[in-house]
Every structure is written in C-alpha cells, then in structure tokens.
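Letters are used for the chains, namely A, B, C, D and E, taken in the order the chains are written, and counting of residues starts over at 1 for each.
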Amino acid sequence: MFDWVHNVPILSILCYLPLVGALIIMFGMKNGQEAAIRKFATGVVFVDFLLSIPLWFAFDRGGELFQFRESAPWIESIGVRYEFGLDGIALLLVLLTTLLGVLAFLSSWSAIHTREKEYYVFLLLLQTGMLGVFMAMDFFLFYVFWEVMLVPMYFLIGIWGGPRKLYASIKFFLYTLVGSVLILLGILALYFYNAGGLLGWRGLGNAPTFSIPQFHAIGASIPPDLQIWIFLAFFVGFAIKVPMFPFHTWLPDAHVEAPTAGSVILAGVLLKMGTYGFVRFSLPILPEATLRLLPWMAALSLIGIIYGALVAMAQKDMKKLVAYSSVSHLGFVMLGLFALNGPGLNGSILQMINHGLSTGALFLLVGVIYERRHTRMIAEYGGLSAVMPLYATIFLIITMSSIGLPTLNGFVGEFTILVGAFHRVWWWGLLAALGIVLGAAYMLWMYQRVFFGPITNVENKGLRDLTSREVLYLAPLVLLCFWIGLYPRPFFRVLEKPVNYLVAKVDPTYATAVAATAPSANSANPRVQAAAAGE
Amino acid sequence: MLPNPQEYLLLAPEILLASAGLLLLLAGAIGRGMGNRESALVSVVSLALTAGVLLRVHSVVPGRLLILNGSFVLDGFSFFWKLLVLTATALTILISIRFLDEGNYRASEYYSLLLLATSGMLFMASGYTLLTIWIGLETMALSSYILAGYFKRERRSNEAALKYFILGALSSGILLYGISLLYGATGTVQLAELSEGLRAAQDNPLVPLGWLLLAAGLFFKIAAVPFHIWTPDVYVGAPTPVTAYLAVASKAASFAILLRIFYEGLGSLKVEWQMIVALVSAATMIWGNIAALTQENVKRMLAYSSIAHAGYVLIGVLAVSQIGLWSVIYYLLAYTFITLGAFGTVILLERREYAGETAADYAGLARRSPFLAAMMLLFMIALTGIPPTGGFVGKFYLFAAAVQAGWSWVAVIGVVTSAISLYYYFRIVLNMYLRDSGQTTPVPLRAPALVGAIAFCALATLILGVVPEPFIEFAKSSLLPLP
Amino acid sequence: MLYVTTTHYLALSFLLFTIGIFGIVARKNMITVLMSIELVLNSVNLNLIAFSYQLSDLTGQIFSIFTITVAAGEAAVGLGILIALFRLRETTTLDNASELRG
Amino acid sequence: MEFLTAHGADLLFYLFAALAVAGALGVVTLRNPMYGAVSLLLTFLSVAALFLLRHAEFLGIVQIFVYGGGIMVLFLFVIMLVNLHRLPAVNLFSGSTPFAALFAVALLAFFGYFIVHLSFDPALTRPEVFTMVRGENLGNSQAVAWSLYTTHLLPFEIASVFLLIAMIGAVVLGRRQ
Amino acid sequence: MRNLLWVIPVLPFLGALLNGFLLRGRIGKKAVAAIACGSVALAAILGLLIIFDYLGSPEHAAHKGFEQDVYVWVPSGPLATAVDGIKNFSVSMGFLIDPLSAVMLFVVTFVGFWIHLYSVGYMAHEDGFQRYFTYLNLFMGAMLLLVLGNNYLVMFVGWEGVGLCSYLLIGYYYKEDFPPYAGRKAFITNRVGDFGFVLGLFALVAQFGTLKYSELFPRIAAQPSLLTGPGHFGLTLAGFIALCLFIGAMGKSAQIPLYVWLPDAMAGPTPVSALIHAATMVTAGVYMVTRSNVIYQLAPNVSTFVAVIGATTAIFAATIGLVQTDIKKVLAYSTVSQLGYMFLAAGLGAYTAAIFHLMTHAFFKALLFLGSGSVIHAMGGEQDMRKMGGLKKYLPATYKTFVIGSLAIAGVPGFAGFFSKDEILHAAASGGHWVLYAVGLVTAVLTAFYMFRAVHMTFHGEFRGTHEQEHHLHESPPVMTIPLWVLAVGAVVSGFVGLPVERLNVFHHFLQPVVYSVAGAVTEEHTASWIFNAILIAVAVLLAFAGIGLAFRLYGGKRGLATEEAWARRLPFPHRVLSNKYYVDELYDRTVIGGTWGLARTLFRFDAGFIDGLLVNGTRNATVAVSMVSGFFDKYVVDGLVNLTATVLDGFSRLFRRLQTGYVGNYALVLAVGMFALVAIYMFLNRG
C-alpha cells in the first residue's frame, strides 16, 4: 500500500515542501491576507506530515540500515554528493519533526498577531532545515542544513520573542555557530584523513567523499589521537546544541524568550540535533575516542541531570522551569548514549522522542495559559483545576510523562537508559536515578502551585478551558505518550538494527555475540564473558 | 629583441579598455560633455566588449603563453582575474549611477578613471615581470587615489584621498625598494628568471629583506594587518561606489599579483613566506573581526570586514595547494558579489531620507522595504559564511585547504573569528528585522540599474552557494603552477 | 674601505630611505611629506642604478626610468590632492585632516 | 694628487653622498617648505651626479630634467600657490615624531647590521654593457633606448596610460568648479 | 479461564477511562457509581473464578504459578549480562497467578469492591464525584498490575501507578492548601524509595538480563552462588539488591525513615485512607519483600535489618499513636505500626506470617477506617476525638463494627488479628530473637491500649461536640453500613485460615510454594513444642487484655478528656515529644528538604550570575587598560567565562579603534613599523 514511496524521491519532497510553501507565501501572498497565510502554511506542514506517515509503514525494519536513499552528484570536485537516507533513528526524528511542526503551526494561530507572513515563512524554512539535518547522508549536506536552520530560528526568537529577545536571539545564534564551525573543522579532518593524508597521520587514500556511511566504515582505522581531536571538535558543536552542562546557558534564555511554537520546536527538535549528532557521528566514527572520553562525557551528563533538576526547582517562571528540566532530561539522553550498550542507546534515542513529545507538549500547555493571562510566573496562578479541568488533566498527564511515570513514554526511555547506565558503571545509574527523584519534586511542585489550592488571583476565575483547536493539537501528543508508554515495541523494532549497529561499532565484542544470539533467545546462550561486563 | 608585432594583438582587451577610457574622456571634454547615464552605458558596453575580446583571445591561446619577451603571460589564471575585475567594474558602474546623480560631479572623467584603473588591473593580472606588474599596480593605484578624492568638495572624500595617497605612495616605495633588492640579488625582474635566480642566491642577505619589503607592499594593497591601517578611513571617506570598487576589484587584482609573485616568483622561498603569511593571516582575521565588533558606521564595519576577509583569503594562499588556489579564486569570486551587493544596498539607502551609514539607520527596514532588507540579510549571512551562500562554500574551501595543508591552527582562528563576525553582521540584521523605527514610509526603489545590480549580486551569491560545481570547474582551469 | 663599491651606494640608499620615511611619518606639512616621498623613490633609484652597475645589466636603468615617471605622476596627483585640501581647509597641515578615525 | 686621480671617483661619491644626505635632512627638518624644496633640489642633483658615477649617463640627465626641471617646478608652484599666507607657527612635527625618530634609529641600526654582512665584488662589473647596442658601442642613451623599446616596451606603453591618469587626476583635482 | 488473567487489571482501567475521559461530565452520579463499582465487582468475580481455576490447574499441582505474557513491552536491546553473556534484555507485559498473587488478588478486589461501594455513600455530596471514582478505579487497576505482574517491571508499573493515584486522591480536596501538599509529599517520599527499588532492578538486570520472576527465583534458589558474589557498598550482590528493594518498600510501606508521608496522607477522603493507606497500597512493600524472598534468604544481614526496622517502626509509631487526638491519625499511626509488624515477620523469614497479617490487617484496618469515616461523615467532617464521645447511641452499627475491628487488631482470641499476630510473635520467639519478641509484645499492648482509647473517646461518655453537630448525628446509609458488616465478618473469620497449629495452618501450606528453599541458606526452623506455643499465646492474650483494661481504666466512661489533659500536665515532655511525632517532620524540613532547596537556589544564582550574567552589566565603556587592571578580579572572576570573553573582545575592539587615530603620520608609522616587524619576525623565526 505504501510501496509507492520507494518510487518517488520521498525524502526530498518532504524536505523541500515547506521551502516551496515558504516561497509561495513570500512571493505570492500579501501582508493583508493573514488568515489565508495561516491556513496555507499549516496546510503545507500538514501535508508534509501526511506524506511522512508512509515512511513509517514502508520502512523495512529488517532491511538496509539506510533506506529511501536518494543520491546525486553535487560538488563532484570534492566528492560532495546530494544524499538523503533514513535509518531507524532518523526515521523517528523525521516523524517527530513533521508532527511537532503541525502542532507548532496550529498553536501559532492565536499566539502570533504581528508580522504573520514573515513568521510563517521563517517557520517553514526552519522545518526544511530540520528535516534536512535528519535526512542528510552526506556530511557536507548535513552541515549545510545544520547551519541554515539557525537563521530562521534566530528570527523566530528575535522578532516574536519576549522582552529580552534581542539578547536571547543573538546568544542562541552565537553559541550554536561557534559550536558548528568547530564541527566543520572536524568534518574536514575526517575528509582528508579518508582521502589522503592529514598532518602527521598517514591517510587512507580512498576516493574523496563526505559520505557518512563511508566515514562509519573507516572510523575504526582512524588513529586514536586524531580521533580524540575530532571528537573534541564535534563535542563542542554538538554539546552546545544538546546542551550539555557547561554549555547550557543559552537554552533558558532562548526558551523563555521564544514564542510558543519556537519553544516547541526548539525543545522538541532542535535539541535532538545535538544528540543526533553524537549518535550519527561521534559514536560510530570515533569509537576509540568515545571509549577514552567516556568518563568525561558521563560526568558532564550526570552533572547536567542533577544540576538541571536542582536549578529547575528554583525557578519562578514556568517556561524557565521547563527549560532547565530539558537540561536535566537531555542529560539522561547523553548518559544513555555513553552507556554504549543496547538499553542505553535504545533508551536514549527513544527518550529523544519522548522529550520532544512531552516537553513540546509542556511548552504548548504553558503557551495556552500564557495566551490567556500573558504571564508565565507560577505565583500568578493557583487553583486552575477548578476553572480549567480538562487543561489540568492534560497537564497532569504530560507532567507524569515528564517525570517518568510507568505506562507513559518517559518511563520507558528513562528506565532503559538507567539500565544501560547502571550496567556500564553502576554508580552512574545511581546518580542518574537521583535525578528522577528531583524531577518529580520540581514538576509536581509546579503543578501543585499552578493547579491546586484556592484561586487567589481573581483574574484566574474566568479563564476559559481548552478550545477545540487546542485540544486538537494536544491530543496527538497525549496519545503518543500513552502509546510509547504502553506499547513501545514498534519503536524499539525500528531502532533495533541501528542500535545493534552502533553497539557493534563501539564495542566489537558485541558484534560477534549479537550475531550469535538470535533476537528472541533468552537463555541457553553461549557464555560470552564480555569485557565490559565487569565495569 | 623586437617583439613580434602579432603578439600585440593578444593585448587587444587591454588596449580596447584603455582606448575606451580615453574616448570617454574626450567625449566628456567635447561640448557640454556626455551625461551620466550615457557615460555609464558606454563604459558598461566597453567592458562587455573587452570581456568578449578577452574570451576570444583566450580561446585562441593554448594553455599558457608568454609574450613580449616574457613580460606578459596569458593563462587561465590571468583570464579568471580579468573576467572578475571586468565584472566587478561593470557592477561598480551600475551602482555608481545614482550616486553620481546626487553628487553633482562630472561623470565622464569618473567612468574614464574607472576604466583606466581597470586596464591597469588587467595588466597586473597578466604581468610577468615585476616591472610590468608594478606599473600596472601604479596605474590602478593612481586612479584609485583620484577616485577616492573625486568628490573633492566633501571634506571626507578629500581626506580619504589624501590618506590613501600618502600611505599608498609610502607602501609603493617600500614595495619598490624590495623589488630593487631582489633585482640586486638576482639581476632580473622577470618572474621565471627571478625564481631561478633565487634558487641560486639562497644565502644572499638581500633576498629575505627584498621579498619581505615586497610582501609588505603587497599586504598593503590587500589590506592585511598591520598594513590595513589606511582601509577604514579611506573606505568611509571615499564615495561609496569607489569604496566598493576598492574593496572588491582593487583587492582582487592585488590578490592576483600576490599569488603570481609568491607562487611563480618567490616559489623557492615557499617555506619561508608561508610562515609569514600565516602570521599575517591570523593577525588580520583577529584584528579585522574584533575591530569590527564595536563599529557603528556600516561602511566602517564593512571596511573592517573586508580586512578580515583578506585574512581568510590568505589562508588559501598559504596552503600552497590545488584546493588552496581554487579556494582563493572561489572565495574572491563570492566575496566580489557579496561585497558589491552590500555596498549597493548601502548606496540605495544613502542620502535623502536615509543616511544609511550608521547601524541605527537600518532600524525597521524590513517593514519599510522587505526587498532591501532581504537582500541585505542575504549578504550578511553570506559574509558570516552561513549556507546556502557562496560565502559558506568559499570559507569551506579555505578551511579545507588549511586543514589539508596542516595549517589547522590558522583554520581554527579562522572558524572562531568567523563565528565572532556573526555578532557585528547580525547587528544590522537585528536592526532591520528586530527593531522598529518610528517611520513606516516605504523606501522607494528608484534606481533600476542599482536595484538590478543588487539583485544580480544576490542571485550570484545564492547560485555560488547552491551549485558551486561549474564555478569550481572554472576555478580549476584557472590555477597557477604550484611552486 | 675608501674604495667605493655597491655597498656604499646601498648604505646611502638606506640612509635616504630612512630619512624619507622619517619625513613622511614625522612632518605635518603635506608639501614636506610629498617631498619625503620623492626621497624614498630616489633611494630606490640609487639602488637600481648601483645594482645595474654591479650586475652589468641595463634593466636597473630602465626600471629607474619608470620610477622617475611614476614619481612625476604621483607628484602631480599628490599636489592636486593638496590643492583640493587647501581649498577646503585653508591649510596644508595634515593633522587637520583627521575627521575619519576609529 | 696621485690619490685624487686614483680615487677621484670615490671622493666624488663621498662628496655627493654627503650633499644628498644633507639635502635630505634639510627636507625633513626645515620649517619653510621653500627652503625644503631647495634642499630637495640639492639631493636630486647629487643623486644625478651619483648616477653618472655609475655609468648611467642617460639616467643622470633624466634625473636632472625630470626632477630638477619638472617635479621641482611643480612643487615650487604649489608652494607659492598655497603659501600666500604665512604658515601658522605651529609645531613642525606631528605627535608621532619621537616614535618616528626612535624607529628611524632602529631602522638605521638594522641596516647597518645588514650592510656589514654584504659584499660585492667590483671586479665583476663590465661597464661596456651600458653603451653597447648589438655589438656596437653607440653610447648609453642608445643602449637604454634600445632596451626600452624592445624588451621593456610593454611597461612603457602602460606608463603612457599611467601618465594620462596623472594628467586627468591633476586636472580633476586641481580644477575649480 | 486462567487465560483471562490479563483482563482483571484492564477492567478497572476501563472504568477509569469511561469515567475519566469518554463519559466525562456526561452521566449522572448513579451511572458513575455503577461503572466504577461494576468494573471492580467484575474484576473481583473474575479474580475468584481464575483463582479457583488455578487451584485446579496442573500448574498449581506442580507448585508453580500460571504465567501469561501478553506482549513484549520494553525490548531494550542487547546487554552483556554477568552470567549469560550478551542477551537481549526485554520485558514483557506479563501476568502471573500463584498462591501469593491469589491472596493479594482476593484481598485487593474484595476489600476494594466494598470500599468502592462505601464510597458511593460517603462521597455522595462531594464535588468531583466522577473524578473520585476515576482515580479510585485507576488505583485498582494499578494495584492489580502490581500484584499480578509476572516481572518486577510490571510490578513497578503498578507500584508507581498506585503512587500516582495516592497522590491524586490525597490531593482530592485540591482547593484547600494542605491536601495537595500532602499528596506531593507522599509522591516525592515514595520516589525516594523508588530510587532504591529501581537500583535493585538495575542490579538484577546487569546480573541476569531479565526481570521475570520465573527466570530469576528458581535459578537463584538452585544456584545461590550467582548472587553471593560481591556487590556494592561492601554487601554481597544479594545483599545489595535486597537492600535496594527494601528501600523501595520503606517508601511505599511507610517504614522508618520514610513513613512521614502516611499520617499526612489522611488529608484524603476516608475511604481512600481505608483502601490505599491501610488495606492495599501500603502493603505492597510487604508483598514485594515476600515475592523476593529468595534474595532475602541469601542476604541474612539485610533480612535482620528489615526485621529491626520493622520492629522499630512498629513500636515507634505505636507510641505516637498513644497521644493522637485525630481519629484518622490514630489509625494512620496504627497502620504504620502494623506494617512494621509485617516487616518484622518478613525480616525474620516468616514470609507466610507476614502475608497472613497483611491479609487480616487489610480486613480489620479497612473496617476501622471505614468506621471512622462513618463517624466523620456523621460529625460533618469533624475528626478530633476530643469533640466526640457518646456516639454509641447515634451510630450503633458503626460502633459495633468498630469494636470488632478494635478487638481484632488488639489480638483478642477468636478475632483475625490474634492469629496473625501470634504467628509473628511465635516466629520471633522460636528464632530466639527475644529483643524483637519483646518489642512485638510491647507494641501489642500499646496497640490494644490506643485502639480502645479511641473507642472510648469516640463512642463512650457523653457527646462533646456542638449542638448543631448533635442535631445532625445519624447512622450512615446502608450503602455504607453493609460494607462495614461485611468487613467485620472478614475481620473475624479471616484468621481461621491460619490456626496456630501446624497441620491446620491452611494458609501457611497454601503459600509455602512461593517461599523457596534455597540451597545452602539457613532457614529458621519452627520446631517448637506445643507447650512453648501455648505459653506464647497466653502471654500475648494476657497482654492484649491488659492493654484493653488499661484503656478502660483511664478513658472509660466520662473520663476520656480529663485523662487526656492530665497526660499533658503530668508528663509534659514525653507528651510534647509524642504529640509532635518525635519532631521528625521538622528534622526532615531542616535537613534534607531545606538542604536541597538551598542547593537549588544557590545553583541557580550561580547559573544566572556566574556562567551567564554579563553582556548587559559588563563594563561596556571601560577601556581595556582599566578593566584589565582594576576590574579583573572582582569583575571577571565573578562574572564568568562567556562574558569575560565578550568583554575582552569588546575591550580589544575599542583598543583597536583607538589605535585608528585618524592622523596620517601615525598610520605611516604603523606601516613602517609593520614592515620592520615583518623583517624582525622573519629573523626571529630563522635565527641560528
């Protein structure tokens, strides 16, 4: 039924549809037609979302690692190709992006009243950039999308943001740009190592290329000291985006100042690009460096988990609280990645999606009352349960998802991450589990202060409950939270191949052992004493 | 030895252009003289003709040809630079028309000087003895002095000319002194012979002093630190189209001779000059970008930015590799369009209702003229080096060249400073899009030539960023032999 | 020592070069600065002629013809700028022309 | 006397060199530009003499004609044009003079260091080159001309463009409007 | 029939879904009640059917549980386990019925149903009737998952789920300030416990790569060496896991030091207290420890620790219970105390005794809570016993059942509590743990005393409330009294399944397959003579009567309030300490909670001030010269790296601008010096 997607350049269509939409709005629609622009733009992303759904069905779980590949020469002289493709990880992230895109657009209808034409143009451009990042299979192409996407985001924060938008927008841009230019250097080092020689290292003399699979293939043969340099270059770039602990200060500012849709996309998708970078590049291409720098990465992740949670606790602004909670959650994701085992990787990739869903939903929810009251200060609220019961319920579900309650998505991710982390080094799991306790503390405290108690502020008495449009864009997220929480298997199934691939890359002992173990086997395995087991 | 007269035919483009300049001058002197638009039209047409003849000449020249007793070379390298310079001049003329309208100065001499300066650049690109190159350089420089002071009743224009002249003459003296020492060491000024001679004169103490002074003179022309010191003042003071011309054409031609001299004349000293170029490049990137951070005047900011970009291009020079060369070529190609476009936008905003010079003047431009704001945005993005623009691809090649050649530390400085540059480029963007001015009257797009030129530059910037391959192929055919 | 060689010419040229640069840097009067530039160019010519003699090669002499030519051209333009300056500011002192800075 | 005949040319070098330096110093130190111009003339003429000592007869004459005759007159005209009023009695030297002096001393010291490492063999010179044209000894002017119009014709042509520009420049800048 | 096992937890969830979402606000109270009670009743009936089906099944005959994996839930991926090498760690949504689950299933559904029914009456006039039943059904579902799961993760789902519902139900009266606070306190305290729980699970996964009981326990029992290797914190692996799991149990089952949430949890509606905070949820810890008995058997020192904590909690809470004047608080502390009793048993290895007490306790404590609820209902929300008295004549049914419950908890022979408590004391004594035995006895006395103190203060003497309250006093409707009677019957008969005679102890034999005999582990032998048993029973019974008697002596008749005041007057210090619950809450506030908060605020200041903070307040106009010298330490060190960079760049930028003086002479100097510098650098680089 969905086989037709193999016969069309589906990824390019998905990626450039928003761009085309943006151009049409830019040149074909006038400033007076706000309603039309709104509907058209939302329609475009909705079509984009619909088009992305067949990917889920047409994706062959047991097939090639990268599917739906498109390949064409681009800059032949240096071996750059226009290559798109998806593995399970990217597939999930693409679907997340298209879905959150629709929701972000819907949420903007009532939130944005100034310069709407520009707003939707930038939002559409952003969509193209994000999709491109996840689809690119050529490192050069990846980098192009990676940087392109910064510009619309800058404007979204800078034009439609809060009071300190000017500061926040340039801070966001500068931080990420500094990071990304270092990535560029890392890419170049890889490129030249693959193609010829580099500095003191004797290169491999392959055909020059930026192809990511090719880099994966040569990863293990890169000498360790070069790996570490490249890893560090990547690290700064990706860690800023994630953001990991010492690089996180742009995030609260950006989140707080961005408009709701901006926050949703920022938290839901943009942050994932950092972690995606680690998954796609740092781990498989630089396995030796990964192993050597493991303690440092884990330390930063753990600090991030606990630090983010503690700082979140002290917040008075809801958005800021959610922003800091992102620091903590992304700490989990990073920790899971650097657990370098099946559960850790599976969990952290799933948690990327989970975080996108639940934090995206949280920002949407905060946006809902912000639109009604124009304040995000927790102290301004109280007792909302009485006037907005439906809102309170959905907020509660999302809160629970965020703090990892079983049967909701957050739990599945966190649990598997923690299993992985504990398995790698037991006290990683211990410290990270502390983060869960703190997570419950700050989220519930916020929930209590906003929804419970008597209504102290008269302005809150007349608040309207969710409108149907708001329900429309929140409901999918809630359903997905339950789906992943109750039956995450389809997601794990999609991830199975890439995760096994990654684990085998980082730890070759797995490669043989996994091959020997049928996926269903539970016992009666050959007793392979893996080297990592004792850690 | 008398040169074969037929060889002069190969000089047709240069002769044509110089004659056009002369004709224009005469036409301006007869009667009431030729008007602004007519002169501009004639100039552009003659530039186009020159380009046509140039194409013809190069189509008959096989590979690389040395003529006129080894003083003039016809190769892909010179071909590229000539085309670039002609294009830049044509665009400069297009963005000058409106400016001259408002300045009330005679137009024909202005265009004539531009054409003559350009003919000097053509000689620079093809010159193969230090003498030819230098005299071409002086031709260009002298016209530039005059052009910078062309609006002589404006105090700033005059001051710019004066500074440019004095410092230019001094640097020319230094350069010449270096040439004289090299001549003393080798007995020749022809590049090929010079290269031979230098190999023989390894231990002659005249050699290092000679090439260093020569390099200092060249660095002055491309505005590398610390010889950049004239740039900001001159760029601000000179009439804006002239500033654009200086920042683009003059710089490009200077890079052409820098490459030619360093690669072909001083090739045997490669290891020595690489280090110096690396240091100068690093200093230039750092100084240019940092000094630009706090500039409020857009022209001055662009001046510092052009200093910084010279630093980037030097990265390609010092890499001494195929990719290094083509990165320089590609980068300057992109830089030409970006910078001309940016200055064009400044010109369009200048005068009358808009001052266009301070960053604050750009406040709310996005509301008043979405087209102009979008153009400026594109140019700023390109200058920062963000895809999908030519600026990104150019920078990519430059850094690639550095990494490949093992000059990673220069590349690191390059990437970090280019990230810093975001701050000042985007201050303009910030003003255009993020701030509101009280005014809401739209900015009229009155000058079709100017608007057309800006649009063309924008298009070129995008094309260079999205489909770089044909241009790289072109750049590849324009390489110098590596030392 | 007394016997004059190219080295002596070189020494003289260095001296004139230095004095010329000093003049350009230190003097305020634009006319003097222009004259100092001529000093620098003369020092170059001395070099060229001395090397030409040393190497028994005519190129140096030819080159210095061009140097003189350029010197003349530059003097003309420089004096033109000077006159424009004088018309604008009633002075030839360079320090008055320092509006552009920073 | 014997000394003079043996070292006449050398002594002349020292004489003219001293005069050239004196003139140069005069240029950069004298207050009145008119006196400066005269000092400059002294330097020009001394340098011309030094050219003659190096078998550059044509160049020597050109130096006198162009510099002494052309450029100097230009300077004098301009000085008279702008010096109608006495120059204000302000400092001759700009604020950077101490640095300039310091720098000049350093440069000289460096050049001194540099000079002592140089040596040229005077025996290598063959002055006949400067007068020979295709094997015939026709004199320096012919030799220069021959070289200029054959080997170095291209720069010569460009120089014409250059001079044209200089002319335009002088007119454009000097003309009253 | 057994194959429908998975339907049992789904039924209440369906009820919750209907009431909470699909039919939200669209149906009347009767329909709501019908859906809620109906779903639980169906679950209870189905549960009974399945239990009987199981009892007749071959699995039961083979001393095994019946298992059912519904679907693969969390297929986490390959993992290098310590004992099996690389293994796909995967968790199924799976269920298990075995004797232990059967007991729990019965208790939960049976008690749960009657409490649902009672709630219909109790909550009849409350706002949010539908919300209440949604939560209650949700709770039932989660609790059933907890007890029916066939692996630890499903148990954990239920574990967290009941925690959530507890949070919601405690905070049911959300418009007031205290209940939401109490709910949050409960949730977060539980999270601290869960922290331990999950750590234990991680250790199991790292070792075995599975969390399924049937893959873990038989294997460990057969091959104890798998877990006797070194673990963490100086414990064996078994010890580490046991300790971690017990930390979880401490939180859920309100043991020292994590018991603080339970008394506050009484802020919720009274049926909730009965269901969640007496009968079911709080006993989950005991269930979990019993379920994991293999591991505890391999960790004798941790087991002892469990017993000691249990005993300490038992006596500690009982003493606090002595002075409480809030009727629900008395019951709350009593619950904490009785849970301590259960852990005492579990720690001593008497797992069946623990479960036995769990079951009887479920009946009589639920009964007591519901009784108190009936009282409170009648009193119009009043909970302070000092304002009650003499309610016997107004609420006869409540009175009678309440007394039955009190007798049961006091351990009067013939009532359920007698049998179960006796079994625990017996275990302590026969094991030679005399100190623990003594503590148990004292607790028993205290329990008898405070329960009858409550009976006297509430039902005897004369009414001490307002006239208005007196006017409204009435017996509760049948929908509330019927559950009271049913539970009262349960509080009597449920003890007879575990007669203190070896052969007749049906319950013990029934549960025995669940308790593994571990190879090489030391197990407590229960081989005492019948005389010894008889003496123990006699002592216990005597003491129980002593407690009851003392209560009558002090609080009987109209003496109640006077004694209460005398207490405080004569023994001011102990009374104050006990009334303030040993100041534990205050202690926690000052240390753990306060500490965390302080840290959070400090870190935020650090974040806003140090890592961030400048660009705005930086020394914009200071020159680098000034800022480098004077500003360096006090400004840059404080203001932080990013902004330091910004400031430095800014300063340099200004410095560079300053160098651009505008004077041509200066520029020429720069050029000349630059030229010289090139030469100098060149010479420096090529020196030697």
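Remarks
FYI, a residue touches a chain if its C-beta (ideal position, glycine included) is under 8 Å from a C-beta of that chain, and two chains touch if they have at least 3 such contacts.
Everything numeric here is computed off the predicted structure, so don't read it as measured data.
Looking at the partners of chain A and chain D together, the chains they share are B, E. Chains that touch both chain A and chain B: E.
Placing every chain at the mean of its C-alpha atoms, the farthest one from chain E is found to be D. Across D-E and B-C, the chain pair carrying more C-beta contacts is B-C. Centroid distances from chain A, each centroid being the mean of CA atoms, peak for D. Chain centres defined as mean CA positions place A nearest to the mean of all protein CA atoms.
Between the Cα centres of chain B and chain E there is a gap of 76 Å. If you average the CA atoms of chain C and of chain E, the two centres end up 94 Å from each other. If each chain is reduced to the centroid of its CA atoms, chain C and chain D end up 8 Å from each other. Rounded to whole angstrom units, the spacing between the C-alpha centres of chain B and chain D is 32.
Multi-chain contact residues of chain E (touching two or more other chains): 657, 660, 662-665, 668-669, 672-673, 679.
Along chain B, residues 131, 135, 138, 142, 145-146, 149, 152-153, 161-163, 166, 170, 209, 232-233, 295 each make contact with two or more other chains.
Across the assembly, chain C contributes 6, 10, 20-21, 24-28, 33, 50, 54-55, 57, 59, 62, 66, 70, 73-74, 77, 80-82, 84, 87, 94-95, 97-102 as residues in contact with two or more other chains.
Of all possible chain pairs, the ones that touch are A-B, A-E, B-C, B-D, B-E, C-D, C-E, D-E. Note for the complex: chain A touches chain B at residues 73-78, 118, 140, 143-144, 147-148, 150-151, 154-155, 158-159, 165-166, 169-170, 173-174, 177-178, 181-182, 184-185, 188-189, 191-192, 196, 198-199.
Chain B makes touch with chain D in their complex at residues 1-3, 11, 18, 21-22, 25, 68-69, 71-72, 106, 109, 112-113, 116-117, 119-120, 123, 129, 131-132, 135-136, 138-139, 142-143, 145-146, 149-150, 152-153, 161, 205-206, 209.
Chain C contributes residues 6, 10, 17, 20-21, 24, 30, 33, 37, 40-41, 43-44, 47-48, 50-51, 54-55, 57, 59-60, 62-63, 66-67, 70, 73-74, 77-78, 80-82, 84-85, 87-89, 94, 97-102 to its touches with chain B in the complex.
Across the complex, chain D meets chain B through its residues 114, 117-118, 150-155, 158-159, 161-162, 164-166, 168-169, 172-173, 177. The touching residues of chain C, counted against chain E in their complex, run 21, 24-28, 33, 94-95, 97-102.
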